[in-house]
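Take a look at the structure set out below.
Labels run A, B, C and D following the written order; every chain starts at residue 1.
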Amino acid sequence: MVTLEDARRIIAAAEKKAAEIGQPMNIAVVDGGGNLVAHVRMDGAWIGSIDISIKKAWTSRAFDITTQDLATHSQSGGQFFGIHASNEGKVMVFAGGIPLKKDGKVVGGIGVSGGSGEQDSTVAQAGEAAF
Amino acid sequence: MVTLEDARRIIAAAEKKAAEIGQPMNIAVVDGGGNLVAHVRMDGAWIGSIDISIKKAWTSRAFDITTQDLATHSQSGGQFFGIHASNEGKVMVFAGGIPLKKDGKVVGGIGVSGGSGEQDSTVAQAGEAAF
Amino acid sequence: MVTLEDARRIIAAAEKKAAEIGQPMNIAVVDGGGNLVAHVRMDGAWIGSIDISIKKAWTSRAFDITTQDLATHSQSGGQFFGIHASNEGKVMVFAGGIPLKKDGKVVGGIGVSGGSGEQDSTVAQAGEAAF
Amino acid sequence: MVTLEDARRIIAAAEKKAAEIGQPMNIAVVDGGGNLVAHVRMDGAWIGSIDISIKKAWTSRAFDITTQDLATHSQSGGQFFGIHASNEGKVMVFAGGIPLKKDGKVVGGIGVSGGSGEQDSTVAQAGEAAF
């Protein structure tokens, strides 16, 4: 279970980190079914990243993996190359999505988009740490 | 302009009304470009209404009209019947979406989904009033 | 939670009923997140109903309602007319989808497609009763 | 012809192998028309792999080839690079899909998704062997 209260705490921590590094972000949280619980777009964040943040969160839950790790298997020549064409284009294979775990079990995901892959990851990690 | 701070104030007012009437809701706010600023799904709200709340907000901005009013023109026999097939399915023609205005100009939209048409409208109005 | 074992028991009961009424069916079961647990197409059942059965199951979970009841609100003039255009076309507004409940809470859905609305409903009810 | 009885025998064999290697899987079987006959998601298997398993089965039938073999031609620089963008995104170009043959003729396909490429292939082979 990821409640709306959980999602807000996660998003608040991610926003704080985004402000610290000076990069406005889209931040999304999904529950165990991969369904959106909450999303925010910080003022000035890219509008093309609304969709990406939501899909990164979904991807992390859908495959129980960070999208950064998934990326390493999904490049040309990798064992999962082509996975980005599945699920109606919902699979994001670049950094910024992290599974949310409780007692070792994946129960949701956070997705962040709006900066470089490293920035997105840093902000997502801050969010995840607040879960 | 609809800032994230605006969106949060609007959502807070809508959530308060939803709690009062005892119906958990999805609530979404879009800016003047029709792009999502924030979304929340209250605990227990329908997962099928995530998409609908976002699209109601978009529709209200896209046509500068409440989705309830748009509905009256979009039934079979009406002048806009079939509009729901346009815009890749983003046009919602039932109550719950309201334009957000500043100085008489539409600058965004709120969309609510999770109950009857009347409940959705009531909650959306509470949100709009907080803008 | 709807386990694969649950889904198989539900499907077996639905298949038995379909055989009794002499109409081969597509039968699908989704979990609480709306995600498919299992699907079967009985020999001779319509191939166009594969998709419909899965989407009826999803719809019942997504809105906590039978698709037969949703139909009554989704006709032209009804409060939910146009809902079939939402969720990328996943909302089915005709009979054959029933929520699966545990302790009064919706935790999944069954969807049946392959015959008349009445036949689909009858088979779905038989499946639901086995949960 | 791939009957539902065939599909169940194939799936049972694949499930047995998946249990042996300790990796829960999505398993799908399609018929000669590429249309789904049956799908199961084992408890704990990735929800993002529902779609992939069905599309791997389709791909194997659609091109009369294992998706592992198709992968070798579909990487950047290969003769089929870009094929994953065709057919509305239904073409999966990574291991886990195998054609089902009868008297040397392809009459269906099995698709498995939920682990590494090697695991998916191993489980799909076990399923195919039961046909």
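Operating definition for what follows: a residue touches a chain if its C-beta (ideal position, glycine included) is under 8 Å from a C-beta of that chain, and two chains touch if they have at least 3 such contacts.
Per UniProt, the chains are A, B, C, D = Heme-binding protein.
All values reported here derive from a predicted model rather than from experimental measurement.
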Higher-contact pair (C-beta pairs counted), C-D versus A-D: A-D
Distance between the centres, which are taken as Cα means, of chain C and chain A, whole angstrom: 31
Averaged-CA centre spacing for the pair chain D and chain C, given as whole angstrom: 25
Euclidean distance of C-alpha centroids - chain A vs chain D, Å: 28
Touching two or more other chains - residue numbers and ranges from chain A: 33-35, 88
Topology of the chain contact graph, where touching chains are joined (line, ring, star, complete, other): other
In contact (per the touch rule at the top): chain pairs: A-B, A-C, A-D, B-C, C-D
Touch list for chain C against partner chain B, complex: 33-34, 58-59, 61-64, 76-77, 79-83, 85-91
Contact footprint of chain A on chain B as seen in their complex: 3-4, 7, 33, 35-43, 47, 50
Residues of chain D defined as touching chain A within the complex: 46-49, 51-52, 55, 71, 74-77, 81, 84-85, 89, 91-95, 116-118
List of chain A residues in touch with chain C within their complex: 31-35, 88
